[in-house]
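The two complexes that follow have chain A in common; it is paired with chain B in the first and with chain C in the second.
This part shows the complex of A and B:
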């Protein structure tokens, strides 16, 4: 490949990832005839519908330079409360969805207000709230799922709009929405400003407190939505929903090129990374690899992606230094 | 005429340091007021209080007849006080326009209106005659352009009170003239302007009144500038007694060349740096903030990479890959300018902080370090430096700024270095400690250490150094033998920098073209 084309493509955080994803798809299609089967594609899409929301939920907190360890715990709590509303109280589905998202927003607000009020590190607060939310979840359910979800929920989840499965809209709309908030709204610009340089943001007259709380509310809402979608996907409201979200929630934004210190995240990169993770799992499945090794390969993928990002950042830095006398 | 902004009896103390001690300041509408003082005199603390970055311990602030108290920057902005801080406060990935309007992005239904924002920014860029696209991320701008963006942001607030902390430090003479024109116009429209600068010529030609701070107190309080000379101001700044007494003189007896930089380039962006430091010599590296002095020191000790030229120690070409190697193999030490961030581990004891450079030598059988041996080694150093601490086990975070600085220096004395780079040794320390540290620098040189001194404080540089290199824009742009005459030397050094800036910032002239060239 021409060196200058390669250089230009490397400038976008997500282009090498996209190439990797395409390569993975080609390889998988060659390895296994069943890869492009409707069934297999639908299985992947179902995973995507949840994981993309989980990744975005974490990504917005990374944008301000924080973490939300309670992403899965919020998702789980929302999932069982959503299930309870449907099974025990017969709440109409649209209302229950809205209420469930509201609970997610509320959980996020608790995180945000606690961090802002105590000024304790967000890592610790969300770690504690992870336990609090999970405890509530198991206390309410005694670890027993709500099995009787209305058929209408399953039907809606598996329905098509013309040839397009409805569940494809979830990641697409969520990504567009979060991208819009971050890039085009005042609140989103304040978030990335705070992540990029908290002192400068505060001196410029931004309310760091308000931005911090808004971010956690947004993160909680997305985690809650992920919980709702997970219930629709499984057909039962299981208390264990969310228990295994944490790794993917960090892996996707970081593979997607996010700076853990804050100030820079890529919505497209994160979404491609989610697809890449799903392809990896699917590929291992199709190749009949021992499923217990999935974690191993996922870890390897994270390491490789982060090392690549690091290499690229150093390279850009070196170029800038050699091209200019006064560094910026 | 009554004042628009009155500060009276404001005090602020940090652990061990009284930064402001009952300071007064009165700004009038339609006047440009100068605030001058040496580094550490309290100018920046005062500005931080006026802009809600820090809160005063005591004192009153009255704005337009009403008492005010700011506990965060938003509040002071809302009250109509705009500021250009001394440090750059931009968000690198954000555009020029976004940085200017960050706190008041024009929105419709919460959605940022980019065109409106860019139009707004362009208006102020035009006023400053800064020819950049408002959509450019600021990280692609030069330092001078960034400075102008910050000034543009402050102007765009169109506030009643405008505070400028060293706005001209990194811009060219041409840009300074333009800024001066704008400030005069704002003054005539009734804005109250506070102008902080080290460049006394600017102060004298631009300002109406002057407040001088010295060691956190008023040396003058809103004195009319008419009829004052540069000498008058300098005397107010340094104080008569300090100007007269001082250290006396020192005759340097340089030995062999210990450290030599020959055309050194670094990953940080230095080009063609030539410097020699001999044993027994105090060599100064002078420059304005952002000139690249600390960055050069970091490259020399192996934190950053040297990418070109030669570094020689005792005539041998060396490649220092890490601070560990610098210390162990070449006995090259670096006293950091940032004692809290890099110089000390605040929660650790005096002993541990001092012994950290010599643990490998204090190890006994089995690699163990015994507290007794450690303390016995450290005690003479702590006594020699007269560190005031209740015990050697005291956490250094509890000591005063001056004593912290002594500990920061002590650990390098413990390491017994042959070449010592000392970066801003007396920032935020009291006068007595300052004198003490000054004598120590000379004593080290007299004992044969090659000392490379970095300081932004002109008086300190002219007092201590035998020779001075001037650094600007990551290059060495001049070398001067120190005459120890403050007025003459300060003029000479400033001239070298100004002359270089004028060439550097000439439109259409690439900086790379003259990399490494000496003036």
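This part shows the complex of A and C:
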């Protein structure tokens, strides 16, 4: 009886994660009175507004079995160009946001076209482009941030819709959008098919080249959006934005049950994993530990999560092989 | 990944054909020509390029870059990656600092200890990859964070700065106008040539990289070979970490942060394939030479350090472009069954 409940829950990628997140919230609320304070919740929400986009940006490339090491570099480049548009050229905010996202899409397109055209491993291309985009970023700014962001940007970022902070809409809308693309559109189905088996996808008439480029454009757009939100969050356009996104970008999708080989990602799992990582950081912060513990525990969390996912996959496989009916 | 499938289909198992060998020699030769042209141009047109000071600084950085490239090359032979290379280098640097400053160990013992630490951390990577059957990318990404974190926790991010003078003298050694670090790199390289060209272990590593299943079926202990290759990669990363520590005359926790790009650049420029099954020791060394001369020339030309990263990225793109072209050429000649 108990075993079957457990088994049923294990079949959902994200249920064990959700339980873990709830457990983490309960523990944190018990050990720290300040956890549920408005201030602390808002701090976490601010982190969530950026990290969720970073995770989704990486997740879409994982879906097709690729990686985008340049997520942080695109975010950083877009951030400083966004800052430059606002500070140097006085571009209206909505226009600057659109242009910034456009730059992100363009960066992603460069990645995608280079990979499709040269047929070189996406890992290497995006590693090289990481260096190119970061070099451009620092070459343009000489490492000096744009400090004078319009007040309207910060005000909009911290505003409320009734009782709901506006920034809550960023992760929710982004997740819904990516979920819609992956599950409800032809392009999304092609992405998952290509991730599952590129050769079979090609035989089934899917243009692997087009899907590849589309995915990298989408990833670049999300990374660019993350750069814009990071500028709004910090109130300055710093060249260092994105420099530390690499680990976080892989952590959430992988903890959320994505297979690096492609073909299988979970938007809900990824989003819960982002929350889980933020809770971990917040817990270590509230416990007043040395900030370096975060890196250690994050590494450990990723290892445990991938091992757990692997174990679950093997278990499902073994069940199928032994001919037992897996109820659906 | 898209082209892994493709390159794996055309893997180079067994003895390379003469055409293959010719292409490889041509690749190394081409690299050499590029280096000679670049260095020749730099010595003619860039003031100070040939100055003794610059030659020493250039070759000292070069020695480290070569060793870093070797560290990555060792696992690339398996078709694996080691993103924890920099983290292991940092751990080894702090270990040697701890051994010398806190424990007061003799210099050779402290260095040996640091290399053992590196080998153990590398072996742990290998064990995790073998046990979980997961991609080495995600495992070493996670352990990079784990190792960095652990090192920070243990050292509280405090540098070891009171190292014995004899130790920092290692970073000042000269052979003629050049840094003795070149000799160190040559020793590591010679060791790797022996391993990959003349030992059973090296052949087993490359066979595993070319086709893991086939290697396993023909009796190669693929798991053990994988763990040893990762341990070797960790040990080499540790050597690089110790070299940087001696150069800086202090063990800093930030050592290794910027190794990711050069670690891939040197072997890939040198013709080592990402898909595994083939490495080129000489090529990786030449790749590092090209990288260092390019970097050095840009610095002397007063190109801001910020733009140098941009050019290194372009260099990597060009390098893999050549690699891809080579594979395409090999496939065009398409010996049936290959």
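Here is the rule we go by: the second predicted complex is superposed on the first by the 322 of 328 C-alpha atoms of A that agree within 3 Å, B and C clash if a C-alpha of one lies under 4 Å from a C-alpha of the other, contacts with A are read in each partner's own complex, and residues count from 1 in each chain.
Keep this in mind: a residue touches a chain if its C-beta (ideal position, glycine included) is under 8 Å from a C-beta of that chain, and two chains touch if they have at least 3 such contacts.
None of these values were measured; they are calculated from a predicted model.
Engineer: After superposition on the shared chain, which partner residues are touched by A:187: those of chain B (first), chain C (second), both, or neither?
Structural biologist: The first partner, chain B, only.
Engineer: Looking at chain A, does chain B or chain C touch a larger number of its residues?
Structural biologist: C
Engineer: Where does A:303 make contact in the superposed view: on chain B (first), on chain C (second), on both, or on neither?
Structural biologist: In the superposition, A:303 contacts chain C only.
Engineer: Does the superposition put A:125 against chain B (first), chain C (second), both, or neither?
Structural biologist: It touches chain C, and chain B stays clear.
Engineer: State whether A:292 touches chain B only (first), chain C only (second), both chains, or neither.
Structural biologist: second
Engineer: Output check: A:134 vs chain B and chain C. Expected answer is one of first, second, both, neither. What do you get?
Structural biologist: After superposition on chain A, A:134 lies in contact with chain C alone.
Engineer: A:199 contacts which: chain B (first), chain C (second), both, neither?
Structural biologist: Both chain B and chain C are touched by A:199.
Engineer: Which parts of chain A are in contact with chain B and also with chain C?
Structural biologist: After superposing on chain A, chain A residues 199 contact both chain B and chain C.
Engineer: Could you pull out which chain B residues touch chain A in their complex?
Structural biologist: 51, 53, 72-74, 77-78, 83, 85, 89-94, 98-99, 102-105, 107, 110-112, 138-143, 146, 153, 267-269, 271, 307, 473-475, 511-512, 515
Engineer: State the interface residues of chain A toward chain B in the complex, per the touch definition above.
Structural biologist: Against chain B, chain A makes touches at 184-187, 189-190, 192-193, 196-197, 199-207, 263-264, 318, 321-322, 324-328.
Engineer: If you look only at chain C, which of its residues touch chain A in the complex?
Structural biologist: Contacts found on chain C: 1-6, 81, 128, 132-135, 137-139, 141-150, 152-153, 156-157, 260-261, 264, 268, 274, 304, 306-314, 316-317, 320-321, 323-324.
Engineer: So in the complex, the part of chain A that touches chain C is made up of which residues?
Structural biologist: Within the complex, chain A contacts chain C at residues 65-67, 114-115, 118-125, 127-136, 138-139, 142-143, 198-199, 208, 212, 246-247, 250, 254, 260-261, 290, 292-300, 302-303, 306-307, 310.
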